[in-house]
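Quick heads-up: structures coming right below.
In the two complexes that follow, chain A is the common piece, with chain B as its partner first and chain C second.
Presenting the complex of A and B:
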């Protein structure tokens, strides 16, 4: 009987037992919670790795891929979930939904404005943070989205920064052309740049007059007629808004037709700083100027990244696509670390408070305004010299001094 | 002088267009199959010339006969092994077959060469002849010279060679050709091979002017169709004339009106010819 009594469960014993059992049951959850803090943030990367934008999409992918080991060395844990948008906004939308369904904590993308608008919309609907690496359509950050953050200048910012940089370029070199001819690719990007130039040039007070504007088909096979027309205009400066293939065709024709303006300059478009342009045209690619956001060669972060990049991809270009894609991943990793959680709301709050001093691109620290846009982007003047695109302005980031007017085609060695 | 420069550039580009369209015209003229894989075959020829330059340092002009021979064999095998089975089938099945071949070729080129644009580095790529103010692009002169030589060879083959005459007989009267004992299947395969060789030669020349990537094909298929329809489907002279006219129309509309409207004028010319002379400028009456 006494034994039986001793075996009977007292209230105190029950309390101790319940506490122990509770602790046992809660332990895995606590362990999971602890592990959750150290769990790598899963970043869904959406880029056009096939289709007509494949070349640049793959470059951006390299920028994201190289971010993983570089950030790991800096103490950040990230895991990439990659998806191909196939250069199509519709595919971008379905791929973004799939990545979020499969557990992406944040999505990054998508290079092209249409695809970027699509993934931003999905992110907003699903309540998943979205960081735009490259994509300039201004409306994306003007419609009150709460989960969307962009570390790339909008089209108006690109044009304003580019034109201002052009102005300072001529002031620095001490030679200002009086007239210019503008040749531009006739697609959405080219048209928006043209509209921006026409609207902003008078406000900024460009020191030259655009005497002729020549639009051409983005899929052009031949620019001989367009270049002949530009030459006939007799302007001192050849201003361009190009993509890659047309930029190569254009310079080739300029050399053949012995068209020698004071210089070839872009207020902010791709093409002339790209590796294929430099490789194909050789000495004729030199001295072309692009006023674009660019990697700061004097920053410690960019030097570290460049070293890791060239080790991993010895034959690939280290350009702004790499820089902005790296920063996209860096922003997510930084937010996750500060949030101490990968929960969407915690990540959003951390993204809002972003302040990254150690960055790759030229410009102030990475931060986001209330609308999710980084307002502190600047454009550099990048001049091709000796087969490499080098920063010539702003002076504190410059690797070389700007040259203008440029040497004639046949005076180059 | 500026106008003369524009006219010369247009004519030289048109000559290369013409060689590209000749292949399409030859195949349709004899086998009556519309080759929707035409542009893809030309891009394959461009990649062939690029590979010969990259690995054997062969100038695309010297690579031209090799590329043409390789594409002749590929075209011969394709017709003999696959397309011959579709010759007597309804046209929509032929279209689908050629479209399938086109898509497969593009995918194969994407897998083999990737999406990047590729070009050849040549010493004379930036040279031009200065003829008293008239600037003539050396690369275009060489490409147009190759195109004219290719067209002349083709004309001589169909005019004087025994096989060429037999092919013409097949084109004129299919039943008659069978009755007199011509091996029509073999002749069709040779014809498709010749068409493919023309496209391969044009691809080698085009590489002098344009960087190659797999997505280039669709534009060239469309352009070749415009040229042969304007000149007359199945007519060799028509393809030449069509090429020169399209080259000139692009140059003149680009200069006098707006470069963005170059393609619009090519299509405008196409519609005009279809309205006024549906069989094409040098085509036989339908």
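Presenting the complex of A and C:
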């Protein structure tokens, strides 16, 4: 019996048997791995959909939501897990923990600097990749994080790009003002922009001199004194750093006081390209220029996105918040597809190798430097024309030619 | 040392120490069963409980309304974080600096107010004003990062470094739990001391307290200074737990209001009320977040949260803890501030100062 057994179970036969048994045991795991690769990547989206940033957070959410069907048509499988940060960094942190616990493979967010810093930290601690859709605080990508990627310009990049665009704007129009007055909102954002302008203007070599800087309270209901002061300065250019409500107040007051500089230009702030500004001011909103990152109207991808967006949200603005939020989801979907897996490390490696040519925003292909920052961000000159914000520079993305000096308030029809 | 410890439970029913021991044991064991998310929620609970307890010393014990306590959180946070970032100083040493500065700031605000007879809502407005202008100052103070924020280095660590407060959330959980329990004990001891009785006398009727010979100025100053210094401790933990600080969020009025709520809902002037309030409010907030997440109506959570708070305030104006404690037999009859006690109840308690709240 023993002899027969030993003949049957030779070393080679045992090896074959062990291999077969191993394969049998491993088969479910392999099947699960394959199934995992086909599983849609779960993206935890953290945005301030309530609280004081609700309006902009909801706009960003629309950009993420519309990405799902658009990317599906392109062959990407994504699933969103949405969470509201309530405009609070503390809530952002807890919600990030919750999304990761519930199985998010990657997180995207969070618009506001404090919340973005909080979720980036959670992502790093948990070893879950994080893609920042909007958030300009430079320090977030200076922390040596390995799991954090940002597809948005840092605030120094925004100021540099905005001021450089101003130079090219005047070169293109052939008219360069010699003096400017700078009117800015006196809050954290306005102060950091002012510091950036003061620091970078001499390096960039602005072609005009800022003769007066006028700060105003962000909650102001009346800008008559500030606008009168700006008018009295007699500068050719009116440079502004605004938010929405104060931008409307300012233009109204300029019209009322018949203050007619050669133009109104922002080196990179919200307000003047927003739907509410355009609707409220009508023809007076026209010709205002904002040098901000913008959607490239010439890209096939942005045209597809715009079509889908207006179909889903006919009354909503299609602006940079939508564009960057869409790209945040696109980056995750692209990485998951190339990785062939939703495992964190595989996603991180794929994110590092990101090179997306077909994007919606103006700028080079989406890629990330070693610190996780996309270095190829561009600011467009967006001029309001006929009640719409249109790209006028750079020339290869322009929908219209820039106009400067602009027609006077009473010459507009 | 035996006397202070035994005095913690003097006058309490026998089941009170047992209930507290059960609570401590359950909290101590929680990290063993809680996942990362639940642990982070519990850390929020402990933050809220600690801050409400510290605020309660001023408002609940001495009747001084502060709506600018975020000032002291910010001072503690920035002092310890800036010293750590610039000089590598241990946060425990930074805590000494933060607590000292916050206590001095509290004393200065208090001295200014009490010397010039700024009381009631005007005192509350003054506390907001100080928090606001400190926020504006911090926005322009480059050494602490100004409006760009102050970031502490973050790294994944296998072990916790308690001396430098670098480590996993569970380390912060136990530190905060210890701080909450220490403050509970401190509150109990203070209420049983002369200063505690003086505070409560001032809270009930400042003029009468003065007539009895109580040095009202010094007692009120002590309450503000102590409350400010203790609040700064939470600021230190906040800085090292979140690892980033922005003047706009750390000094925000919203934070000052939030930290008051657990004490108000739990029971002003009680010892365990702020802790219970922190559990209820944080739990409610998280439950509503989860419940409303799939409904797709932004802001619904805040609406429901406000509604629940309003209902609680209407049904239990003296807070939930005195009501629960009375039913569980865990304390003497509650003695909330007199202004909120119905006349009949006030008459019943006349003639005796509160013996320390449950």
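As a convention for this text, the second predicted complex is superposed on the first by the 382 of 413 C-alpha atoms of A that agree within 3 Å, B and C clash if a C-alpha of one lies under 4 Å from a C-alpha of the other, contacts with A are read in each partner's own complex, and residues count from 1 in each chain.
FYI, a residue touches a chain if its C-beta (ideal position, glycine included) is under 8 Å from a C-beta of that chain, and two chains touch if they have at least 3 such contacts.
Only a predicted model underlies this, so the values are computations on that prediction, with no experimental measurement involved.
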Look at where chain B and chain C land on chain A after superposing the complexes, then choose clash or fit. fit
Does chain B (first) or chain C (second) touch A:412, or do both, or does neither? neither
Please work out whether A:54 is in contact with chain B alone, chain C alone, both, or neither, and reply first, second, both or neither. both
Counting only touches as set out at the top, which of chain B and chain C does A:192 meet: first, second, both, neither? second
Now for A:139: first (chain B), second (chain C), both, or neither, which partner does it touch? second
Looking at A:256, would you say it contacts chain B, chain C, both, or neither? Reply first, second, both or neither. first
Applying the touch criterion given at the start, work out whether A:214 contacts chain B, chain C, both or neither, answering first, second, both or neither. first
Where does A:245 make contact in the superposed view: on chain B (first), on chain C (second), on both, or on neither? first
Looking at A:82, would you say it contacts chain B, chain C, both, or neither? Reply first, second, both or neither. second
Superposed, chain B and chain C have a smallest C-alpha gap in Å of 5
Both chain B and chain C contact which residues of chain A? 50, 54, 58
Chain C residues within the chain A interface of the complex: 35-37, 40-41, 44, 139-140, 146-149, 151, 153-156, 242-244, 246-249, 254, 286, 289, 293, 298-299, 301-302
Per the contact definition, I'd like the list of chain B residues that touch chain A in the complex. 2, 5-6, 9-10, 13, 110, 115-117, 119, 121, 125-128, 130, 135, 137, 209-211, 215, 219, 250-251, 254-255, 258-260, 262-263
Which part of chain A faces chain C closely enough to touch in the complex? 49-51, 54, 58, 82-84, 86, 88-91, 93-95, 97-98, 100-101, 113-114, 117-118, 121, 124-127, 137-139, 142-145, 155, 188-189, 191-192
Which of the residues in chain A come into contact with chain B in the complex? 50, 52, 54-55, 58, 186, 214-217, 219-222, 224-226, 228-229, 232, 244-245, 248, 252, 255-258, 276, 280, 282, 284, 409
